[in-house]
């Protein structure tokens, strides 16, 4: 599926005025493309993902999926949340089965799929644990398994590996690439790790500080699997880091953009 | 699941055990102090309406054994009368408040329509309806209707509150997995609302018992434990009045106990801790 | 009857307390006076708790008090069989009343002893109190022109008080009083004989512990009438819900269809017949007199009650009307305590 | 803070405005339907106890204007009587339930001691105390005590529940910053508990009004709006009875309104959204 | 302050059995030392930090601070939480002032200190925002500012920079080192970033997978500020990564260690 974002603007109310979180954001994500979004903390990454998911209303602009304007959430777009959003009254197993239940997948099949993804994220043995019994990283992995089990065409991932240790993170990255290879998903992926972005993405989008817009897009045509030790990889990392650094040092414009408060 | 004998030892916690002991001792101390104070007062004051605890206990058992000639029944008969009205009123309230509350919480339009009506009637204390309901619906259905109102409104408010307070991120997550309004409702909102419903039921039970006592006292027809309390007081047999109050308290505790039992069952089925 | 001029600062307060609890309230000091029905007046008087301010017959000689009313609807009593049942209840009441009057006049004997005992049990009051109470109640059944005139008079007072705003379509209070009294059953009574078979049943309401309605208690006592109630003796099975708290509730019982006939005071019968349009007729008198205003000893006059609180059975009762009337007569204004 | 004129335009949302419009229209439709149905029924049934709306409105105003001779007062007098008792009972309940609840929620030992006593008395419906309280405490303080009980227990439960449901991570955070039990209490538990207290107060207000109506009906001593309702019914002037019920409803709405106002003020001071 | 942990064990109940999260954990953190803890997701890092903070009871073993057994939390140990734990009814400013209020620092002084640390974490302009109005990374930074403002002797930090972009993270790392330099704090720091650990720590502790214990300790005596581009740095990173990799691949022992369930 192709995602077209044009002149997207999003404002939030803030105290007596308003805050422009996103301003004139333009991006096309092609079918089966893997796009990583990088940007300073608070620049609007989560906000954009939520708008794509249909969970947040845009203030103005246009956002289309295969030429259909997005008006609400749908099974075609799955999301991994930055703050996990697990159902506290469901066990790990039942959390992962949630989407499959909705699709009315038969119980046996549901179990099989759920177990597959629970194993994939390394949580075998915790099928019957409740979210409050898990560590931060384990919760995050349940969220990933839940989104993957549902097999959406577009996968929206908000810092999905942020709470994982380097090794688990590497394993998960490889698994994600394998799954993408098999299932031809379109993926929008938010991360703070330039290394991760370079390892995964077809294109890396660097955003400006608040109000968020596209600052620069890096196309990576190195074939998968990529070698982190290669010179090209190191060069790319450096270029992106430099770009980001400039943005963070420039800093966000005043948080309140009402003329009187400026 | 096989039980693990190690667990009993592994989890046995000396400090926790002692803390529990302490609590129990304090609790018993409180009750003993209370009974002693009561007994002392009853002897010191020597008033008919402060009978000693043993008189009340005696009256309690007597009220079950002996038929009160001028009422033509004993405590069992009165309990039956109260419980019948209570049960019917309560079940009707439950049967109406649950769907209406869930729908009002979930569908904006329904809320806009029903809310003004609810807000019109809710502020009227159910007890205020007693005289007119006795007139319109008679001595059986009158109190039933009062209980219905008494249970209906707090339950409705709690259900609506529950539906509205579902964590937004959970709704978001379910929607991205393709939940439509119906499944959202079945799989997220309803499980989330159960504790609120149960709180509403507990409050409703309390108010329900209050309503039936008030209705039976105000109407003072058709028997019931409330009537028994009123009657015993009016002829100055205060120990029987206190016995009647104890009976009402026990009935109240019993119904709340049943509701907690159901809550636990439901929670277990829903997998909520 | 007009309210005293507002310049009149002489106020007596009232509060509503059921007669059964008035003595306790006097003792507790909650109130300093009370107006109630027998035997609760005598109960307070006999042990010196209270002193008489005035007996009701001193204010309104021979005033009617409790009555038997019957509910009129499309269903009852609209045929000869039902009319028979009503007449037979009236008859049984009449027989019981006569028995009471004779027994009281005899003043002693086994009948007298059991009468006193019945009264004590029914009202929860000592026998000696019942004995003196019976001396203040006039038991009679006939709806004489004087009784009807008293009904008309009460109706007029209610109109003056603003408690009623119309006369249910009748041109004046006399016409109304005539319309709600039906003497035909009393007229049928002399010819009615006991019946070997039960002809039907009647739901009958009554008030809690009111010795005015003693005839019903006597009629219901099976040991006096050869193992059945006097009503059964006259072919009627009488069933009753639990006793009503006041006459207004008896009228509600009529409206709700819970009872067919009932014992109640005439004021609630009049008030609710008009205001609530509850279709009843008064078919028999039950008693006259038998109420009193009393003060907490040593109070024994209205002037001593000035600024104090008097307990009444409630503003729809004849006792309340008595207090209100007597206060007005003596230039006092009655005011609800706490308002 | 200066107001920003842009904000008014920036936040003006056509869809939200239309949605609100829709809601208002639905609400008005509901009320109109209700009044029309009522009016129709009253004409069709032609029963004294189903007076038409205009009769009730007339009775409402008349009850304030005209002194009821046999009572010696008008509606204002009755409102005063009810409000006095209500106010005193409510304030006492608040003054006792707040500290006791906070302490019971916070100190294990206090909880162990008081809980059995609370659990002994809570199941007895406050209304069941009406006859004996009238006898013991008299016609003024009797109803006050009933209201006290009616407000005290739900408020207490809510306060305890609030204290116990404070988010553990917040307590953890405060403790690592050196909060001792007192500061933990002042800066985390109390602010967290405010919404629970307010819920308890709202429930307590509802129960309190129910208690006063019941007490005034059962005891029917010393006037009050509950008494007025009962009296009007007992002489069959139903339109005045409904007027009395409306008055009680308005008083209820008024007190809840005050409590919401206080809640908002408090929340603003505490910085809770 | 010196922290001595000996034979620490922590068990949690799990379904019908129990889960050993920590087993025989031994570590000494010297006065003014900066120790980083690394380990696979779910190995017990958060649990250890909570026990040090006095928020969790140990099952057995000993844990002492300057020879005093730790029995509960204290102002001497400040903590930055993995899941933020901000007070939702307080603004950013009021959240940061919390500890100072408790210490009864006068209002003016409090404001000054709070503003200093809010500026330090880059949240100037958001003083009056409530937590729900912040992005994930912004919340995390409030948590950091709050702990720092309170100036504890021992600072316990649970993945404090996990939700931050690389640049902000770098800035924060440098600020942390500067503060440590000035205030001579003892710091225990949990991270998933080997790079971060190498950049910050005097010693890096690598933990075993569940049940967590100390697997290996790396001493880093390179002086501050360190050069990420240096060969020593790269070598160290590689060694630690290798160590971690082995642990993750070995995987946790069965989550339930009751003999019957094994």
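By letter and in written order, the chains are A, B, C, D and E; residue numbering begins at 1 in each of them.
In the analysis below, a contact is a pair of C-beta atoms (placed from the backbone, for glycine too) under 8 Å apart; a residue touches a chain by one contact, two chains touch by 3 or more.
Just so we're clear, the structure is a prediction, and the values are computed from it rather than from any experiment.
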Need the most distant chain from subunit A, centre defined as the mean of C-alpha atoms.
C
Counting C-beta pairs in contact, which chain pair has more, B-C or C-D?
C-D
Take the average of all CA coordinates in subunit A, do the same for subunit D, and state the distance between these two points in whole angstrom.
48
Note: subunit D sits from subunit B at a C-alpha centroid distance in Å of 19
Separation of mean Cα positions, subunit E and subunit C [Å, integer]
86
Among subunit A residues, those touching two or more other chains are 15, 83
Could you pull out the residues of subunit C that touch at least 2 other chains?
21, 24, 249, 252, 255
Where does subunit B touch two or more other chains at once, residue-wise?
131, 135-136, 234
Taking the complex as given, what residues does subunit D use to touch subunit B?
19, 22-24, 26-31, 34, 49, 108-109, 111-117, 120, 123-132, 135-136, 150, 154, 203, 206-207, 209-211, 213-214, 217-218, 226, 229-230, 233-234, 238, 241, 244-246, 248-250, 252-253, 256
Given the complex, residues on subunit B that touch subunit A span 167, 169-170, 172-179, 183, 187-188, 191-192, 270-273
Can you tell me which positions in subunit A touch subunit E when the two form their complex?
12, 14-15, 38-42, 46, 82-83, 122, 125-126, 128-129, 133-138, 141, 159, 162-169, 171, 192-194, 241, 244-245, 247-249, 251, 254-256
Residue numbers of subunit C touching subunit B in their complex, please.
18, 20-21, 24, 121-122, 124, 208-209, 241-245, 249, 252-253, 255-258
Contact footprint of subunit B on subunit A as seen in their complex
50, 53-55, 72-75, 77-79, 81, 83, 85-91, 94, 98-99, 101-103, 130, 132, 146-147, 150, 152, 156
